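Data block below; observations after.
Order of writing sets the chain letters: A, B, C and D. Residues in each chain are counted from 1.
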């Protein structure tokens, strides 16, 4: 039973790293970016290519899996996304769906449509018995890394100047501009960091979630659930939402396999209706 | 005889702020009543309570003697309560013809009519024409509303409310922002409103108020400060003081 | 409403449609090959197309006076698309044979069409037993799941395996494999527990955790060939390989196409299948070598041999019916037998399904590469499901 | 009471006629419309070998029309309209499989079933911002997709619904493999439902929908029961989508999980973006454009035509659909007495207002 909880937490942590970029993008720029999954896939493929073709060790590829999607995100944000900030959510959704279709087809064309397999380094494979619980080494590695990321993100947001200016911009961009905060710069850096985190999440997740060209579409719904349930005004909201979703999904598949997916979809609809601004966020 | 519109100890609180402070008010049948007061006195909140857009914290609202406190906005319209908006709330992509036609056919059970084309019923067309003439809109019937002159749009505001054949008409600053040249046209149409319609006029423009209203209520900080005929209120020194912002020894 | 835009746009678009699709009818036998070239089952499409082209390269493109013209269409693994493509190939291109069908739903969708249009349909991959009953025009050169599974059940019970958990993908072939195995294994006194994993984006870890808790002697697995690698990785990640639970199942999970990519994880897995690239027969050696040369080192798997034999069946059928299509061609195909790279095969005249040897094999490292090395043969196995029905 | 100077002067006939004519004109069929349907009917005879793809165009056109009713006319956004399409398809398929092979019976039952589903889920769509509507409709479609996948004993699950055999249309026209009967059947059903939709959008009911879309506050102030109207049009659109799904199931005699897939809801949005929303023909023109595009692109790059579809979607949104159809409007010559109520493309609350 505890192993399921352990797997659920690892899955939840992974989902958080993947989805936190989207939560901030939506909260800060009020932009519905369904293409967020494409950046996660980009990170995954960076790791897969570096490891399989150039033989780079797994750990060495992780920083690149962050940087490459971050730059791609920055470029796209400055060129395309910027023009859509004032547009309606429907326009933004259509735009990002278009991007997803392009990303899926492009990766399918370039890398073929089969699953990308990455060989984890030896010390990350297998399981170990800790206090009677079967603990996967790789999953504990993920919990460690994602845990650090969460703490770092929380510190940046609450302690640093950039963090406070970001939170101001999230609360009310117009007032923030009035205070002389360069909201455009904050948009760009946040979008880039969000995409980079998604890329890192994609690389870490390749082992558990699998990695193929349809990744953005398959996991888009998970990202959306994390954002709608977690709300967009805080970091802890999406974090708790990811944990709940991760554990609910894993436990659901273990105990009630036939009902598995129902639980999370109905959870999303119920939350959307009762508390549109999310479970954890205060009413905006 | 029951009042056209009546409120008893109406209160509306937004958190700590009391926007409507225990207002008891009567609008007699066929009255020409004005409601004046400095900015932020709670006039618009009062209207939103009357029309059901806002739910009161406590107190009651009566329409023609019937308790309308819990009624949904659209049912109050069916019971004869119509309003205009301080800031134009029209349909930019529609034309005045369609806007008035919408209100008229809605009133004549149009909502359930999904088969016949709008305007195929003779009596609807005639009423549209009558209203268009009354509010001097015949020359702009087919223009996009967003392209109309502001004065014309204000006239359309009132025309649409009038098209609901109300027994009680709430006019929320009809003359606001209307340029001098088109103001007299607006005043004439407001004055020409049939006597069987009781009108509550919320306005700052004193010459419109004094030329139109026969009774005036003064709203200050959400409460009725004073009420009376035009002569009583216009000569009351305290009213002038309230407007000039001196503190009033309550 | 708008005057010019509505009329002009509609007219122009429909005119453009008129240009495509005019077929030139001359003395040719067209073969419509419908395969999943993209999507989750793209590896099946890629393997079969390569094998079919290899066969045509080796045997030329004129048979019994007819020029063979191959038309390849991608149905992206979606049954609606397969149905529409089959209909367009029959109606517009006037093909004489439709072939391919990478998956059970993709084979069942166009079945009524084959009957209506009297066009033979050669199934080169899909493995659910009932497919050949969906239309009298369907002939199969791949295999059926029960055909490969019942020998595994018999082998397992003879080798001291008492308790087995079956884990299958929740679709046609999976359920076939589960029923066939459970039936045969419990008939021999074994104890079976069944589990199913969703076909779309499967996450095996919760199910494997259940297997670890149930502690069976062996885990019987059936997943479509594209997903075998991911399953194998999570099997090891869950520590099941060290837990003494044997991994058995039909050959799909240790598919030649991805076996090497799995690494040592797959070593020791025992499977039953009708074909292995390591099958030692002169025909197979020539086939594997030619296939690798034509496809820069890609190793043929059981899907490829299904495609290769499918083409052979069409060529032999045409020779026997000297060029006639339709019902004559199907009847000509019945009863044909030849030595395929996999071993001796025959088309059963009653069921139009394939009778072939089934081999029990173990994954071993042979000069650096992983292969399914065959160590036992069960000759001339008929499809047990249809065999049970007929007697 | 002082005499009322304006009231009852004689109503000059010219104004009354002008009012009646400009209102009623919207009901009459324009030359271009009649031309469009004439061309559509002509394809029954002129393009015999393309009936398969034309059949799909008619079905997608009807499906886009149903989305246009809620999006173009009532301003409700949806990312899960395929839920009703798929539900109708499965209903018709299951009916036919269990012996009720009459197509028209199948259509009626699918329409009612989809309408019921629409009615039940319409309350979910009334509240919240556009973003909430997008997520809720997406959620509903996903739940339905999951049910279809799990209930394999009735829907055939991942293998799809096997064994559908359709009776002849009206007992006369057997479904042939060339798709001629199928196309004639789909086109007629689409045409009839189009006529009904066309009547509705120019009726007072339709006018009230547009008023709700443009300004719900004012609509309520004029006595329109906004929520009841939205529920009504959402249920109607669901029925239309259900019929479109049933047509697909009956004419291809096959139903798989694909009818509930996310890409169907996304594609139909693209169709409306291409054709423009709010003037009913957007769905039909968009369907022609989308299918012709798909046909050309998939012939050109069979595996990767989705790339070009994605590119078109991105470009269309960036260029701005309003400007696109404004250009189309600018092309239209100034006809006598400007046409009232122009197409307002995909009108939704701008992000700022959310």
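Here is the rule we go by: contacts are C-beta pairs under 8 Å (C-beta built on N, C-alpha and C of every residue); 3 or more make two chains touch, one makes a residue touch a chain.
It should be emphasised that the depicted structure is a prediction, and the values quoted were computed from it without experimental measurement.
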| item | value |
| --- | --- |
| Path length in the contact graph (subunit B to subunit C, fewest steps) | 2 |
| A-C or C-D - the one linked by more C-beta pairs in contact | C-D |
| Whole-Å gap between the CA centroids of subunit A and subunit B | 52 |
| Chain centre separation (subunit B, subunit D; CA means) in Å | 39 |
| Distance between chain centroids, defined by C-alpha means - subunit A, subunit C (Å) | 37 |
| Where subunit D touches two or more other chains, by residue | 303-304 |
| Per-residue multi-chain contacts in subunit A, two or more chains | 108, 261 |
| Overlap residues in subunit C, where contacts from two or more other chains coincide | 38, 198 |
| Chain-chain contacts as defined at top | A-C, A-D, B-D, C-D |
| Sites on subunit D touched by subunit B in the complex | 1, 4-7, 9, 11, 15-16, 18-20, 22-24, 26-27, 199-200, 202-208, 210-211, 214-215, 217-218, 220-226, 229, 337-338, 340-342, 344 |
| Subunit C-facing residues of subunit A, complex | 3-4, 7, 108, 112-115, 117, 119, 125-127, 134, 136, 138, 207-210, 212, 214, 218, 250, 253-254, 257, 260-261 |
| Subunit D-facing residues of subunit B, complex | 51, 53, 72-74, 77-78, 82-83, 85, 89-95, 97-98, 101-103, 105-107, 110-120, 125-126, 128-130, 132-134, 138, 141-142, 144, 160-161, 163-164, 189, 192, 194-195 |
| In the complex, subunit D residues that touch subunit A | 77, 79, 124, 127-132, 134-136, 138-140, 142-143, 146-147, 150, 262, 266, 269-270, 273, 303-307, 309-314, 316-318, 321, 346, 348-352, 354 |
| For the subunit A and subunit D complex, residues of the former touching the latter | 30-32, 80, 83-95, 97-106, 108-109, 217, 221, 224, 228, 258-259, 261-262, 265-266, 268-269, 272-273, 276 |
